[in-house]
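What follows is a pair of complexes built around chain A, which joins chain B in one and chain C in the other.
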Partner chain A sequence: MGVEVVSYIRIKDHKAWINGEALNLDFSAMSFLKAIYKDLGLKYPKFYKMDELSKLGFIASEMLLQNNNVKSIINDFKQDKIGVILQNSDSTIDVDSNFYDSILDEQKHFPSPALFVYTLPNIVLGEISIRNKFKGENALFVFQKYNMTFGVDYINSLFENNKIEACVGGWFNANSENYDAFLYFAKGTNKQENAHTVDNISKIYK
Partner chain B sequence: MEELKNKLKAQIIEALNLEDVEVEDISNSDALFGDGLGLDSIDALELIVLLEREYGIKMDDAAEGKTILQSVNSMAEYIQLKKA
Partner chain C sequence: MRKVYIQSDNIVSSLGITSEENFNALVDNSTGVKMNYTGNIYKELPLSLIDKEAFIKKSESSIRNFQSYTFFEQIMIWSAVDALSKVNIDASSDRTIFVISTTKGNIDNLKTKEGRQSDNYKLWYSAKRVCDYFSNNNEAVVVSNACVSGVMAVNTAAQLLQTGAFDHAVVIGADVVSDFVIAGFMSFMALSPKPCKPFDDNRDGLSLGEAAGCLVLSTEEHSDIAIIGGANANDANHISGPSRTAEGLYLAIESSMKEARITASDIDYVSAHGTATMYNDEMESIALNRHGLQQTPVNSFKGYWGHTLGASGIIEIVASIKSMENKLLIKSLGFDEKNNGEQINVISKNITKEVNIVLKTAAGFGGANSSIILKKY
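Let's look at the complex of A and B:
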């Protein structure tokens, strides 16, 4: 049994692609992530309450999971066999400093619970899992840059040990409105095509 | 009282980042949680902070929260009671 990459998305330099095809986005009147939210026709008010990192992870996962390649097969997998294994580099630095700034003034010391909750970097895994009812293995690793070898090996080992039957993997990072995301959906297969290997991942991660 | 309720609605919308929701969209008796505005537990905490920040009211008994945060009506009544 091998592992196959079914679909992938990319967000970089204020552009977005699904399986290599660019989305035609107009974000002159709204933020970049909101433009994708609108383009995908999403109705999920909680999106507006998220910090930028969670918004990015959420939007990237929606682009990935709502496209037909994945949508048509996602119900084939048990919820507790779908994993979410991601990486990023800046963790939650933006929201950490926002939260820190918000509690500096001792006279106006009202820490915001809604802000604080996003100082936990793996909260985005929860956002994705709650939205899609995924209950499988999930982990967020912090590396200086996308560690493809680690990501591929880790995910493949979960498949080999029958921990998961499908997985959202990849990388997402947000700082000061610089968005960078590469997410893919992988599943177990007997086929040789689109194998989940470092070579193949490096070809689609541009 | 009506002025307080409208002010409260505007503060709720701002504090909870309720996109595409206007003051007029929230009726005084609408349930804030569950089927109403669909707020969650983090929003409840945010409303408790709002009461303290904007009105200087500290909710002493967390169990009271369920009744007080039921609707704009119940929040406004609580504020008036505490300010009296």
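Let's look at the complex of A and C:
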């Protein structure tokens, strides 16, 4: 039994691609992530409550999971056998700074629980899991840059140990200057094509 | 699949800077949670703090360039130095991987503008400093998954060793108390004004603590304690509250038992997360009940160390190992009143007992749940 990559998305330099095809986005009148939200035709009010990092992870997951390659097969897998295994570099730097600003001044000290909860980089795993009812293996790892070898090996080992039947894998990072995301959907397979290997992932992660 | 053995360990906390000092304090049922907060935001708060002067005095001479590291980095390095000193494992080998569990790392560096412009607060940066200290060239794996980070880090390391990616792992968990974390938990009204009381009917919130812990794992060197199962699962329910049906923790335990090829009746003891918040402890009781673990002795170590976030899973695994080795289960400190909701068998005084299989659980924000099963041979 091998593992194959079914579908992938990329967000980089204010552009977005699904399976290599660029989305035609007009974000002159709104934020970049909101433009993707509109383009996908999403109606999910919780989106507006999220911090930028969660918005990025959520939008990236919607691009991946609402696409027909994945949508047509997602019900083949048990909810508790779908994993979400992601990596990040800057953790929650922007929210962390905002939260510190809200407490450092004794006079203006006002910590908000709605802000504090987003100071954890794994919250987006919760957001994606809630939206899609994924209850399987979950993990958020922090590396300086996307660690492809680790990501591929770790996810393959979860398949090998029968802990997952399908998985959202990849990378997402947001800081005040930039959004960067690369997500893919992998599943167990008997086929040889599009194998979930470092070689193949490096070809689609550009 | 290759078997993963636990070779060595360390705990740095309010109760001492070695596993032995810490376990002796647990045996004496003495707590490190004290009314000792001296910050300017909240006047009186129970916290479990490392005695910094004592720590420096005892560890400074064992660590090169001690002053060049932040306190968070110092306790991680000491924890690994002490754990590694007891075993014959080459920390610098390319067959050794460092796995680091932390939620907020050097968060205090974000207080200033200069701090925000440097990489010092970044979790991968601290991890790299630790690897550099031990001359290990593999990129460290940092697990930052809220309160399950520690258990998840051990699961991750075990997974990497089982499949042969590495032969040895140095797993370190650490977090330090900061105004940031205090204000955050305060905003959730999750902090008790008095030392926390896990699983007690009158529990009213958690106590925060700081600690570092280390576990050295290996598939090549054998020992009496092995990791036989572990899993992580999501509630898919709420980002800041546990599931009412304990779905994620139930699934994580189920998956761990399946991997360990055991049933619930094989489990001799449960080391619970037991934060002493109303919802967490109730959720854990439900998960244990759903697995038929009502009669199995269970405790929480939070009454001794408080909630040490990224360190908690690791130091509680170390304490569970000491319980197995010493055939002694530790009283769940703070538990006075029987839980009238879901019934579980909370340990109300130290018990002498042969313990061969331990289940350790954790749950946290983001709907995260983790569990791990250890066996003594």
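Everything below uses one rule, namely that the second predicted complex is superposed on the first by the 205 of 206 C-alpha atoms of A that agree within 3 Å, B and C clash if a C-alpha of one lies under 4 Å from a C-alpha of the other, contacts with A are read in each partner's own complex, and residues count from 1 in each chain.
Here, a residue touches a chain if its C-beta (ideal position, glycine included) is under 8 Å from a C-beta of that chain, and two chains touch if they have at least 3 such contacts.
Predicted, not measured: the structure shown is a model, and the values here were computed from it.
Enquirer: Once the structures are superposed on A, label A:Pro45 by its partner contacts, choosing first (chain B), second (chain C), both or neither.
Expert: So A:Pro45 only meets chain B here.
Enquirer: Looking only at contacts as defined up top, I'd like to know whether chain B or chain C touches more of chain A.
Expert: C
Enquirer: Mind working out whether A:Lys135 is in touch with chain B, chain C, both or neither, as first, second, both or neither?
Expert: second
Enquirer: With both complexes superposed on chain A, which partner does A:Lys203 reach: first (chain B), second (chain C), both or neither?
Expert: Touch partners of A:Lys203: none, neither chain B nor chain C.
Enquirer: Of the partners chain B and chain C, which touch A:Ser112 in the superposed model: first, second, both, neither?
Expert: Both chain B and chain C are touched by A:Ser112.
Enquirer: Just checking: does A:Lys191 make contact with chain B only, chain C only, both, or neither of them? Give me first, second, both or neither.
Expert: In the superposition, A:Lys191 contacts neither chain B nor chain C.
Enquirer: Across the two complexes, what residues of chain A are contacted by chain B and by chain C?
Expert: After superposing on chain A, chain A residues 111-113, 117 contact both chain B and chain C.
Enquirer: For chain B, which residues are in contact with chain A within the complex?
Expert: Chain B reaches chain A through residues 16-20, 38, 40, 42-43, 45-46, 49, 52-53.
Enquirer: Of all residues in chain A, which touch chain B in the complex?
Expert: 45-46, 48-49, 108, 110-114, 117
Enquirer: Hey, which residues of chain A end up touching chain C in the complex?
Expert: Where chain A meets chain C, its residues are 79-80, 84, 89-91, 93, 96-97, 99-100, 103-104, 106, 109, 111-113, 116-117, 119-127, 129-130, 132-144, 147, 150, 153-154, 156-158, 160-161, 163.
Enquirer: Residue numbers of chain C touching chain A in their complex, please.
Expert: Residues in contact with chain A: 1, 40-41, 103-104, 107, 110-111, 116, 121-125, 127-128, 139, 141-146, 152, 156, 159-160, 162-163, 165, 179-180, 183-188, 231-240, 247-248, 251, 255, 259, 365-368.
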